[in-house]
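Take a look at the structures listed below.
Here come two complexes built around chain A, the first alongside chain B, the second alongside chain C.
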Partner chain A sequence: MTGKKLTVIAAIILAGMCVLPLGLGIYPQHVLIVSLFYVMMASSWNLLAGYTGQVSFGHAAMAGIGAYTSGILAVKAGIDPWIGVCAGTAIAALLGLGLGALCLKMGGIYLSLTTLAFSQILHIVIVNEYDVTRGTMGLQVPGLMAEYSKITYYYIMLAAAVLMLTILYRMIHSNLGLNFRAVQNDEAAAKSVGVKVLQVRILAFTVASAMAGFAGGLYGHYLLLITPEIPSLDLQFNVLAMTVIGGMGSFIGPIIGAFALNILAEKIRDYGEYHVLVFGLVALVVARFAPNGLLGLWRRFRTPTAHPLVK
Partner chain B sequence: MFAISIMNGLVMGVIYALAALGVSLVVGIMNVVNFAHGELYILAGYFSYLFASALGVNFVLAMVIAVGLVFILGLLIEYLLIRPTYGNDMYSLILTFILSIVLQNAYLLIFGPYPNKPPMWVSGATDVFDLFLYGNQRLAALAAGAAVIAVIFVIIKRTWFGRIIRATSQDREMAELNGVNTTRLNMLSFGLGCALAAAAGVILSPVFPVTPTAGVPVALTAFVVVVLGGMGSLWGCVVGGLVLGLVENLGAAFISTGYKNVFGFIILILVLLIRPSGLFGRTKI
Partner chain C sequence: MALLEGRKISKAFGGVQALNQVDFVVEPGTIVGLIGPNGAGKTTLFNAVAGAFKPTSGKVVFDGTDVTGLPANAICRRGMARTFQVTRPFAAMTCLENVMVAAINRHPAKPRSFIETFAREKLSFVGLAEMEGFEARHLNVIQKKRLEMARAIATEPKLLMLDEVLGGLNTQEIGQAVEFIRSLRDRLGLTVLWIEHVMGAVMKAAERVIVLDQGQVLMAGTPAEVVADPRVIHAYLGE
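So, the complex of A and B:
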């Protein structure tokens, strides 16, 4: 697809997304806002797992860092939520830098275990430090604007998602993106042609963490109640399932996955709380039989005789 | 207080070691971390509850059936999910992580969120060195755990099967050249790893009832023990398990109960910072 064609399609989709909520009720608008949060989470996680091959289980924890930083600053110090969100993003980035550096020398399994440990420590601290975080009761936080309006929140989240996706797209389609891929495919080979493997990995970790912190901060101020549900393994699983089902390592995959699963969850909810089980089963089948996700399936269907070198 | 924490630490340490042995075995041979390890532990607890309490089977027989069923399930998981991912560690991580969430939610659907508990083997309590009264069931769990660990050590250090396992985890290609069917060995050792999780589950579930999500801390602890002891090292599991059991229980008694599980993770991060290969691990990771 040429760049021009792509821009036109993106513009049409964006225009559609701008008009979409106008005719909808409050509840569908809520579903869309949550979907946009997940688009941001899944796309930034995809940068880590899909492009640099680092399966982090601490991505939801980073969203939690963003949400709680901003929330605590607003509640305890009366700081404006917008400044709080920026602070949350910065702290998530710093922690991402630290975690990334800590996991430097280790490959796959160690990185996953360390990020898992990080997210569990964070969860336990939040539940236990009741005075600061209100534990499992949740921290009530002010909204992003004086008067609560679903539609305004929708546009804020849409703008944030578009901003983030633009940054991600630019990154992936630059030299840096090639470096990411090189590190994922063959670390030794990447090193031998002069890719600074460690820096590339840490950079991906920092950027992805900052994005999760940003998304989490906005999400917290939208929900108005920040609970340990944000930095939980369940949310981490949702992000992972959306990315895997949509198509890991592709730009559009996580976006499709986030919308599809979130809307599917609403449909399943009519029959009871089975959506996590269904997600899990679907994700299991997709990861096992179609490792490139729905997007990969669609591409394979469209180009049955593609050259084997074309991914 | 101090003495009883040591005792609790020993009991938990032995169970941690048992759970970690299963993880370590699979990591050593296949380089796969099974994130659903804790859920298989829980499944064995449910099975033994189901057979012993609901169907009235003798509790020993119920435990054997439970471990056997989880072993077969382990073979199936390896065949259906893990085998296609050979050579891609990332996908086996993702698949077993998804599997653990699926199992948790399936348990929730089938057994509900309430704790379930198989019958106790023994009742009453024993006076330990005139210091405190300790539940007989916990002492029995300690003995059973130590016995299973001893059996595993004998199998791995003394039998032909054990020699094959050690050879394959040291050098896979060389073992293949010497005629080891590594595909079948993978399947068998994955099943064995799951059966060890199940053994820990049936031993501990009369003391700590099973709930759908109770496997998560067990699996995480097992991972910490494996990293602490050194990936693939059996002695590392035993020492690591005991260290972690003692640290957690002493920490809970003297620092804070709420932070009991954090101590393990702090150990994990410290080990990774200072000595990533663990206490007994090979130097290369």
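So, the complex of A and C:
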């Protein structure tokens, strides 16, 4: 697809997204806002897991860092939420840098377990530090603007998502993106052709964590109540399922996955929290039988002859 | 001055002494064969020289500077490139992208159009031009070896280290491959250090041959000297 055609399609979708909530009620608007949060989470996690092969389970924790940093600053020090969101982004970036450095020599399951431990430790701290975080009761925080307006929140989240996706798109299609994929495919080979593998891995961790922190910060100020549900494994596995089912390692996959699964989750909410279980199972099946997700299936269907001519 | 010099390189894996005080030189502009029976330590020597791991002791001097223990990417930037015995292409990337990764790290400031043209040149040099859009995992072993060579050449090295690039070829193809390896030096001006099991090919293309056996240099000399040496015959065939 040419760049021009792509720009036109993106513009049409964006225009659609701008008018979409106007005819909708409060509840569908809420679902869309949450979906946009998940778009940001899944797309940034995809940068880390899909493009550099670092399957971190600490991504929801980074969103929690962003949300709690901004929330605590607002509640305890009266700092403006917008500045708080920036601070949360910065702290998440720093922690991402540290976590990335810690995991540098690890790959595969070891990295996943280490980040899982990080996420669990953070969760325990948040639940227990009641004086600071209000534990499982949740921290009541001010909104991003004086007057609460769903539609304004929608546009803020949309703008944030568009900004983030633009950065991600440019990154993936730059030299850095090629280096990311080289590292994911084969670290030793990447090193042998001059890729600074350690830098690339840490950079991906830092950028992805900053993005999660940013998304989490905004999300917290939208919900007005920050609970340990944000830095939770439930949320982490949602993000994972959305990315894997949508199509890991592709730009569009996580976006589709985030909308599809979040809307689906709302539809089946009446049956309890089983959707997490169902998504987990579906993600497993997809990862086994269609490793490139729904997007990969669609592409395979579109171009059935894209098979090798082996000489 | 030698382009590459190994000084008393040793490498132990636990109790196994894979390399023991290996001394060798590679003069610029030459094709040097590195031979030896299985388990002699040839690939270990490659890895120790190219920075895949650090030698236990000893020194690697490349192009006048000590590069011992530098990471592989830093050594690559100084002008040393390699292929792998068991091929390691970027499997889920296209052939063109595989070579582009090498190109962007050699020419980080160049525009994408330059990088693509540059990478295509390297692909055609190894005869993979028509495969550029295919993911590397679809290639057969011989094509993967060629892809790795294209990738290595795209780093614009002074020294190219090839690890068994002829495995699986028939006699006629080996003849072509020998021509190809000569062209690396004659057309691209590369110095080549080349591990190979196909003895006939090494003897035809290389000017010097280093023989490793049980982690030590058994001898080094011209191909004629090497094949005539009783120690070499003994190492390969036994008593």
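Criterion: the second predicted complex is superposed on the first by the 302 of 311 C-alpha atoms of A that agree within 3 Å, B and C clash if a C-alpha of one lies under 4 Å from a C-alpha of the other, contacts with A are read in each partner's own complex, and residues count from 1 in each chain.
Everything below uses one rule, namely that a residue touches a chain if its C-beta (ideal position, glycine included) is under 8 Å from a C-beta of that chain, and two chains touch if they have at least 3 such contacts.
Computed from a predicted model, the values in this text were never measured in an experiment.
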Touched chain A residues, chain B compared with chain C: B
First (chain B), second (chain C), both or neither touched by A:Ala49: first
Touched partner set for A:Gln120, first chain B, second chain C, both or neither: first
Contacts of A:Lys4 with chain B and chain C, given as first, second, both or neither: neither
Those residues of chain A which chain B touches in one complex and chain C touches in the other: none
Complex interface listing, chain B residues touching chain A: 27, 31, 33, 80-81, 84, 89-91, 93-95, 97-99, 101-102, 105-106, 109, 216, 220, 223-224, 227, 231, 256, 258-259, 261-262, 265-266, 268-269, 272-273, 276, 285
Partner chain C, residues of chain A touching it in the complex: 175, 178-179, 181-182, 184-186, 188-198, 249, 307-311
Chain A - residues contacting chain B, complex: 49, 53, 55, 57, 102-103, 105-110, 112-114, 116-118, 120-121, 124-125, 127-128, 233-234, 237, 240-241, 244, 274, 276-277, 280-281, 283-284, 287-288, 291
Chain A partner contacts - residues on chain C that touch it in the complex: 50-52, 71-73, 76-77, 81-82, 84, 88-93, 97, 100-102, 104-106, 108, 134, 138-140, 143, 151-152, 154-155
